[in-house]
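Residue numbering begins at 1 within each chain, and the chains themselves are lettered A, B and C in the order written.
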Amino acid sequence: MAYPSESTEQAALAAHAPVRAATAADTAAGTAARLVAAPADAAAASALLGEAARLRLSVLPRGNGTKIDWGAPPRSCDLIIDTAALSGIDHAAGDLVVRAGAGTPFAELRRVLADAGQRLSVDEVVPGSTVGGVVATGVSGPRRMQHGPVRDLVIGMTVLGHDGVAASSGGRVVKNVAGYDLAKVQAGALGTLGLIASVTFRLHPVPPALRVVRAESDDPGAVGAWAAALRRSQVMPTAVELDWPGGGPLSLRVLLEGTGQGVAERADAVAAVLDGAKTEDAVPADWARPPGGPDDTLLEFAVPLAEVLPTAARLHDAGAAAGASVAVKGSAGCGVLYAAVPAGTAPDAVQRLLLLLRDGMAAGSATVRRAHPDLHAAGLEVWGEVPGLALMRAVKSGCDPDHRLSPGRFAGGL
Amino acid sequence: MDHRTDATGRPHDGGLAHVASGEVGTPLPAPGEGDAEGTAHRSFDDLLNDCVHCGFCLPSCPTYVLWGEEMDSPRGRIHLMAQHADEDVLSAAAVQHFDACLGCLACVTSCPSGVRYDSLIETTRARVEREKPRGRGERALRAAIFALFPYRRRLDLMRGPLRAYQRSGLSSLVRRSGVLDRVAPSLATMERVAPPLRTAAPLPERVPARGRRRAVVGMLTGCVQGAFFPQVNNATARVLASEGADVVIPPSQGCCGALSAHAGRAPEAARFARATIETFERAGVDAVVVNSAGCGSTMKQYAQVLAEDGAGAGWRARADALAAATVDLTEFLTGIGPRAERHPLPLRAAYHDACHLSHGQGITAQPRDLLKAIPELDLADLPNADICCGSAGVYNILQPQAARELGGRKAADVASTDARLLVAGNPGCSLQIAAALEREGGSIAVAHTAQVLDASIRGLGPAALLEA
Amino acid sequence: MSQSDTLHALVPDLRAICGDDGVLTDTAQRRTYESDGITYHAELPGVVVLPTTPEQVAGVVRLCAEHGVPFVPRGSGTGLSAGALPRADGVLIVTSRMRRIIEIDIPNERAVVEPGVFNLDVTRAAAPHGYYYAPDPSSQQVCSVGGNIAENSGGAHCLKYGFTVNHVTGLQIVTPQGELVELGGKAADAPGYDLIGAFIGSEGTLGIATRITVRLLRSPQKVRTLLAAFDGMDAGGRAVSAVIGAGVLPAAIEMMDALAIEAAEAAVACRYPEGAGAVLIVELDGPAAEVDSQFEQVTRLCRDEGAFELRSADDPAERTTIWKGRKSAFAAVGRISPAYIVQDGVVPRTALGEVLGRIAALSAESGIRVANVFHAGDGNLHPLVLFDDAEPGAGDRAEAVSAAILDLCIEAGGSITGEHGVGVDKVCHMPDMFGPDDLAAMDRFRRAFDPQGIANPEKLLPTPRLCGERPGARKGVHPLVASGEAELF
């Protein structure tokens, strides 16, 4: 079969959506795209995907591009599908559910819901994210301790398959066990199983009051003891966040949400557990943000609860040994930490640090969320060991038989 | 207080008087549905239909706990009964699963639909006995059991040789007979745990109330209880008298028929039931106090026992009258309320729910209330209290392996409480658990609720129970 | 070889794997496994096996895969959608002998259990440490954790605490090819696709869970339960909306109508207020200060909506008294009706009032009584359709009413099942809720796990054999879109 020329391709795609040649900005973890299309709605996106399938193009869905460098670099990227126009918010306030298009800015969704006294209980970890981007990366902030990661709040999803065919699972009610919950595998799949067109979430009322109780210490052991004491307590925090910037003390921030009287009493109970606690009535500005700067290598560690502080301490020590000041931040309450290794750290030093941490972990996982293309080029092991990979490969092949959707971005080269 | 006897204590004419509720506590219907009468008159198929197959009975069933298979759960057995009812085929496998049922009735308590499994299994067992000839060995074993246990005097005669059996491990007396090999260890256990005969004086026909009389009650002495635990009967009589009851102990009484009824030996059970009814009708008492859970449970279901044997309405009415008058000792005592002073018994004790008390009669609070009212007695509840200990009448003889495993589980639960004394309302349970604890290398003193109350009322102190 | 010959030939191998007492071939014994919690679907299993280890399960499944023999997993057999309906040509794999609680790990707030462990036993094992396992289906005393995995079980308290899927961090599964695969563990966020999330609720069609790691939650500091009696369902429904609208998230909100109350009264003498046309049970739990202030608020809202009697329970004994009627309701209906169908559908909470009204109309038209018991907080209806099976045609009319109620749920934008699952019972209703493309996507997912189609076949997804072809039926248009409930952005 003859390879279609670029202009023939572009013309065929343009029948469904405006298409342009990619620029230097249209890359993903160092992989440059050829074309960028911006369908006007889900139907157009569906047709576009169908066309891309006929043309055998590799496709990368992209929202606002804030996390397009996350994961491994795609092997190829013929076409970026920009989901910006797949937006819209259908809020059923009385039912505490909302359906939002993938391209809807996450901040806009939060604003609309807030106006109705409700919220999607997922923090915006990376500013500027779209709804689709949050779900496709599965990135969940501090409040996941109380409300679960973002995939737990998804109750329905419509996904455009590799051939553009739309398929829905779940529905518009929270309690629903009809059929497979395919949204679970889409959440966090980095666009390797389909293009998320719209997502339905369950919502929560905005609690009337909140407090943040904060304390600092230089001793990870002491902070670990605080975290353990909080687990034993019955104050039910919404979040327990660890923050350990490179250099400086560790801090633990406990978020309490509820009624005015309730949070006041609970804050006192938390303050009694922490040493030198200070109480504030707003979350700090850097709340939910990943540690470090935008060019740092961002790692994620998921560990059993009792291993959170030992893991943080090992990271800190390993960083020091590599001459890098590693910043650690994340949920001590559910055992998910992010670590930032400063940009410019030698690739082999980053790799050594990662392997050292992986070797020292009895349970859990250490993955690279985002790395500079140079690190990928140097062979950074993004995923580590992934149990169940054979099943995942089968799932991928079932959803995307030609491996054209964000190929290689996911674990095991999927 | 309504006295139903005259000042001389002369019995009324005309048989049993009903006990008004609130005085000694209304005899409780079995848990769930509640009317033994209704059950006795409903057809087997109708009773089967009550089961909706929800499975709530599974965790309560000791054999399901042991083996985790449907056929050895109440739901599975009911299914097997339905297969039998529908197709009139009784497979060997089905019989094996019916036989494995302990008849503990925990499933009756746990059933949200009120299925009368107690009634279903008794009917089924009677059918099995009628329709399914057993092998020679099993026949001989059952014959030996039922020629021995229901007969107090025969049990008495066994006690000497059993001591010999116990001393020699396996005496020449029993070595010749495989049947005795199975019966004897169980009896020998009783012999080991039961105190020497000399400690118990024979009971008179009547023990007068101490102080002002509040009631006249009959007392069932039971076969195993009477032969091996006469001191429990003595304690029962003393406690009743101390609380103001005249205790009538008809010397002519025999076995109540419980063991036979639970084994499907319907005609034999009915014969015993009729005799017991007649005995207590003649005694002229307000209530018939029973201190053995299995006996009380069966006596409260006498109408069903007689119906199983095809008895007519007349007998069933007399059965109902006796059933209504039958009360467990603890039920009676909480009903009339305490009068005798309780002296301290500083010790930690664990209370074990005998199945035929808790599931068979719905009695769980009364014994605990009585025990907790004893100063300084620290009463522990057992984990998995609903699960049978494996004693279950003669089950430990017929299904020794299952009984042993269940005994082991219960022993572990008892050991977890750190109690020094195990209290139960049924002699078989205490024996079974004590024997299981011994196998595990532990030991615990056992006592009947009556003995604990007796020791407290008489101010004997813990040693009397721990060293008995 | 015929299918039954194939199966017969496997028996020696099955015995070699599971031991002689772990393989049942006797007809009477196998028949006791012919149905799960609903008896009107029954099928004699070809062979029943009772493995005791994950390796035995894997061995049995591998054998099935080698010979193309279907297998059906079963836990305690309490399911209400015939998800464990056996196959005459297959092996029924029963997990009831795999019931060890392997570990209670308090520092990491996890329990590791085998699939046959009773749900409630996890909480019992954690309770001495001040912890519990949150999912609490009504059958929690007997249903198995493995069964909960298959059905993604919820319970009265899932309004606040979520479903099984929200509480599992690790699974060891046997795939339909007979391989043992470890997914996740004690840590959150296992790397790769969330196969745990998709496996939970897959009704045994993707394999068998053989070891399960669940989250344990710290017991709440305080629990308070309110019983509110109303004249009718309208007022009760308004109270539910008022509570949710006020931003309160109770642990549970349950509602019963007059007929359900009558049944519960007959069964357990729950002594709910006399003359109530509806009762609402609202349970709040959490830190004492929060619970107390919300309790006041809920009480006030119920009174404002016309509650004529309010009772509160602050200790376990009082709570048990209030819950007794609700928990007994299903079985209790047997006391007021010779036969009944338990339906399970979901509607958006705001549609509750309208749908209940239409159910009442259906009931009036058909002369078939319907008792309503439901999880009002999340719109999960459990209409109990009552009939007399001795009356000719009554069963069919009841079935028709029951199916019509599901149609109402779909029409309102809800679901055909909130917790009982699809199984065999509702498999032919799946096309009413999902379009052909949706079902095709699900089928592709299934094939990824089970290319041979031997894992619990003909459950969950409709097949032409079971449901017939539906030419043109809503082809290409999603039913939710067609109903105007959802638009594709």
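The rule is simple: contacts are C-beta pairs under 8 Å (C-beta built on N, C-alpha and C of every residue); 3 or more make two chains touch, one makes a residue touch a chain.
Worth saying up front: this structure is predicted, and the values here are computed from it rather than measured.
K.L.:
Could you tell me between which two chains the number of C-beta pairs in contact is largest?
P.N.:
A-C
K.L.:
Looking at mean CA positions, which chain is nearest the middle of everything shown?
P.N.:
Taking the mean of all protein C-alpha atoms as reference, the closest chain is C.
K.L.:
As a quick test, compute the distance in whole Å between the mean CA positions of chain A and chain C.
P.N.:
Roughly 30 Å separates the two chain centres.
K.L.:
So how far apart, in whole Å, are chain B and chain C when each is placed at the average of its C-alpha atoms?
P.N.:
Computed from C-alpha means, the inter-chain centre distance equals 40 Å.
K.L.:
Go ahead and note the Å separation of the Cα centroids belonging to chain A and chain B.
P.N.:
Result: the chain centres lie 64 Å from each other.
K.L.:
Residue numbers of chain B touching chain C in their complex, please.
P.N.:
Where chain B meets chain C, its residues are 50, 52-59, 64, 67-71, 75-76, 79-80, 83, 89, 91, 93-94, 97, 110, 112-114.
K.L.:
Going by the contact rule set out above, which residues of chain A touch chain C in the complex?
P.N.:
41-43, 86-88, 90, 92, 94-97, 99-102, 117, 138, 148-149, 151-152, 158-159, 161, 165-169, 171-182, 184-185, 187-189, 193, 197-198, 204-208, 228, 231-236, 258-259, 261-262, 264-266, 269, 300, 302-307, 334-336, 363-365, 367, 383-384, 386-392, 394-399, 410-412
K.L.:
For the complex, which residues does chain C have touching chain B?
P.N.:
Interface residues on the chain C side: 24, 26-29, 31-39, 50, 76-78, 94, 96-97, 99, 116, 118, 120, 139, 141-143, 267, 328, 330-332, 334-335.
K.L.:
Can you list the residues on chain C that touch chain A in the complex?
P.N.:
Touch list, chain C to chain A: 105, 107-110, 130, 151-152, 154, 158, 162-163, 165-166, 175, 179, 181-183, 185-195, 197-198, 200-202, 218-221, 241, 244-249, 286-290, 293-294, 346-350, 375, 378-380, 413-422, 426, 430, 433-435, 437-442, 444-449, 451, 460-461, 478, 480, 485-489.
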